[in-house]
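This is the structure, below, for whatever I ask next.
Per-chain numbering from 1; labels A, B, C and D assigned in written order.
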């Protein structure tokens, strides 16, 4: 088999420039692995704090403020408590699947951060197919969710897991199409190069792509209004109904880590990542990530949940055609006028986005009333 | 020719138990749902998890001593329960209520209607999946109404305010100014609650055309209150069988045509406005005078039977009391609005999805205390 | 104003239509023999001039010597109401015909009466205990119920 | 999909009803005595003034700072509980705004409302489904003794017949302030709990036959 020929693999691997760290890759990997795990855990705590305080404010109450200064230690207390709770495995559960599910769900979320640039070149692996890797890896978490739903032996869990799989399969397509728009404009799949290419944040160059990606990302990671898989008022706790203690903590972590990961990717792809004046790059990156996350919190407190068939309809009838048109328009722009200043495209694309959304919402209604199955 | 129905997979229905402890069953209601995937094939309601035997307890208490128990029937609107019961006993014993007491009663009943509809609207939106936010908003205003009740009787939830032949004590001097302020304030907030749904595409998609209750079915099932009026039945006991002093006030009876969740919501919002109208008229006209007729503590109504019904916030609330000229009712039957309103639930949810089942159930607005008694 | 029809107004019509069905005509209620209750109720529900299509409530009272089941029905068009009553004179297995076929809303209420009062409704599609559980001893709303 | 009405599902409804009835009778027969508070020893421990280790302190702090409530609100008191969660009284300050619909993830059961015998097996089941450590606040007169409905044929005289109760809140229903006070009392109680066992209490493999 030619594909396993080392001569073919070698040049591919060599494209990744070795960091000029003492010891080469090993120190680099070790440092970033530790850094990413710490970063994710701290960011998740920050996200939980932000969500609970922000949500409290939006619901005209205060939110946690008694634990530590300004309630800052609330996520810590939650984490310590949840980790030390009793671990219950239901008798009807498929034990192995039940045990493995949180791990399978948790690992890919951490792995996503391997290609997210915190600073120019500061990432675990500057893959030249970075964004493709993100898309591929982020879907694996769904397997964990489905394992959880199946392995719990609970009907609520199963329903939640089925909903999640359906949502992820549908929303992957508009999401990837939206990414392709960005890739066409930047001319690279590498996350770092996408950032370095963003003299104008791509949210302006690709406004429609941004909206589609944001909606699809919300659906993929089950943020409201697409939080069907753990729909509080319908399925008690959805796929993790039967999970307690540490395993529940992992799912809780996954939920927020996924949100953070998606926020980071949105910040990288559309908000020019770590670039920004005055402040150090990594701080810019974190600020942008939290801004995106805050929008997710905002939608969660504001919008009610859609129904499963409306969720599907939105993906296939609204987002998918728009994503295709967006891709088409972007491709034409890049191919026909490669040398024109991007600021012209900014205006044109925003106009196109506004027209398309208005036009499409005339054709498309969220399916009021009964949808025949 | 093969239809799509024949081509689809043969699936087995499964039974999902919703309740008795479930976030959106409004207490301890339980449904044994037969589901085909996400679609509800059939439901079998199971009651009785809050059956406290209030009708039996009535037979071992004095007429006055039963009033506290009526508070705990429909615990969202205890004032209305008080009113209905006192009216039944007054009808049985032929007691004339003083003018001032009638006005106070009407004010309390209408405030209670506002408080109840606040919760009904909020919890329906909560069932739709808006993570607690609308509920918190409506609760904020309910607190202000509860403050007024607190002012007149010193209780926040179970008021026990009305007495046979009047009310337990006169309203304090600062009540009417406070009421005036509240009415002004609520006018603004009712607008806000309406806009919560009116301008939200997702909620429209979830509520419009969902859970349609036909007019004929509604009449046949004995549905009353806002649910019936949303189906186009122009039937309001305040107008069709005026009790107390409701014939002196000007108000409209809002009705809708479609009988879906959205209409039930709209009728409730409109009823809140009409309640404010009644309050505005009533608080200007409150006369001076006694607030309680001269009734002995242990009344012995003449042997006989009486049925008095009022338009409680949830519908027709009636008390059928049989007296044998002793100090305790011989039999006291409560017409349970919530239980009878549930009679049509099975028809309303058949063929809808689980998510719709929850919102349809929420839109009927029941209290388990009244269903089970 | 909902006018309670005095029994005299309809008693003559009912007597000609269903001879012998009326046991007693009270001041504001009509006491119907339980075996002809269904026919009378159906007539009152559908006949022109009556159209009592709305069932307000069903309840039952234990008078020791007999059980009385009370139906109040209302005509939404003409805004009138009438109270029908039916009695069952046995204590062991009192039986009254079910009106669920006429008014669907009677379903839960009849089950409730069966549960708490122990009156069997013949023809009810799903007559089983509603509030209490299978195997609860006795019927609590009966006057001779002892805890 | 067509489903014939006479199709038997996993159980027919009547079978389910019968089983439920059996279960209720069983629970009713087995809960004549009230269950003692399992943590009654806490007060005695305090009198002896045992120094808490720092691990204990951290764990107790975490546990008392994030009490997640299981949803078990049968009746009236639920609305005072929601009022306590709501904007004015705002229990979210204590980190208690998370209501876990699944008892597997909850720490605290606030039993808001009258408990009937039909509901009793479900409440016990919810309690059993909650992972340790777990606490129960009996809210309202009905939760303490059956309250105004005590003489009824279907009311359990107090939650402590079914589950061990840590804190009782009187009132019918208790005002939200009272509930918040109860939560604070529970937090004080948790603060006293000893999580790490003393070495002498651990089973020693060398000294056989003795604990």
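A few points about this structure:
Quick note on the criterion: a contact is a pair of C-beta atoms (placed from the backbone, for glycine too) under 8 Å apart; a residue touches a chain by one contact, two chains touch by 3 or more.
As the structure is a prediction and not an experimental result, all values here were calculated from the model.
Here the chain at the heart of the shown protein, by mean C-alpha position, is B. Of the two chain pairs examined here, A-B and C-D, the one linked by more C-beta pairs in contact is A-B. A straight line joining the Cα centres of chain A and chain C is 62 Å long. Averaging C-alpha coordinates per chain places the centre of chain C 44 Å away from that of chain D.
Inter-chain centre distance (chain B to chain D, centres taken as mean C-alpha positions): 30 Å. Of all residues in chain B, those that touch two or more other chains are 14, 22-23, 48, 51, 53, 56, 136, 140.
Among the residues of chain D, those in touch with two or more other chains are 86-87, 101, 118, 153-154. Multi-chain contact residues, meaning those touching two or more other chains, occur in chain C at positions 129, 131-133, 140, 145.
Of all possible chain pairs, those that touch are A-B, A-D, B-C, B-D, C-D.
Interface residues of chain C, counted against chain D in their complex, comprise 128-129, 131-136, 140, 145, 147.
Considering their complex, residues 1, 3, 7, 9-11, 13, 16, 71-76, 78-80, 82-83, 86-88, 99, 101, 103, 113-114, 116, 118-119, 122, 126, 148-149, 151-155, 172-173, 175-176 of chain D touch chain B.
Considering their complex, residues 5, 8, 10-11, 13-15, 20-23, 27-28, 32, 34, 36, 41-42, 44, 48-54, 56-57, 60, 68-69, 72, 75-76, 119, 135-136, 139-140, 143, 146, 156-158, 368-369 of chain B touch chain D.
Contacts from chain A toward chain B in the complex involve residues 55, 58-61, 155-156, 159, 163, 224-225, 227-228, 231-236, 300-310, 365-370, 373. Residues 47-48, 51, 53, 55-56, 217, 219-223, 233, 235, 237, 240-242, 307, 309, 316, 318, 320, 322, 330-331, 333, 335, 339-340, 342-344, 372-373 of chain B are the ones that touch chain C when the two sit in their complex.
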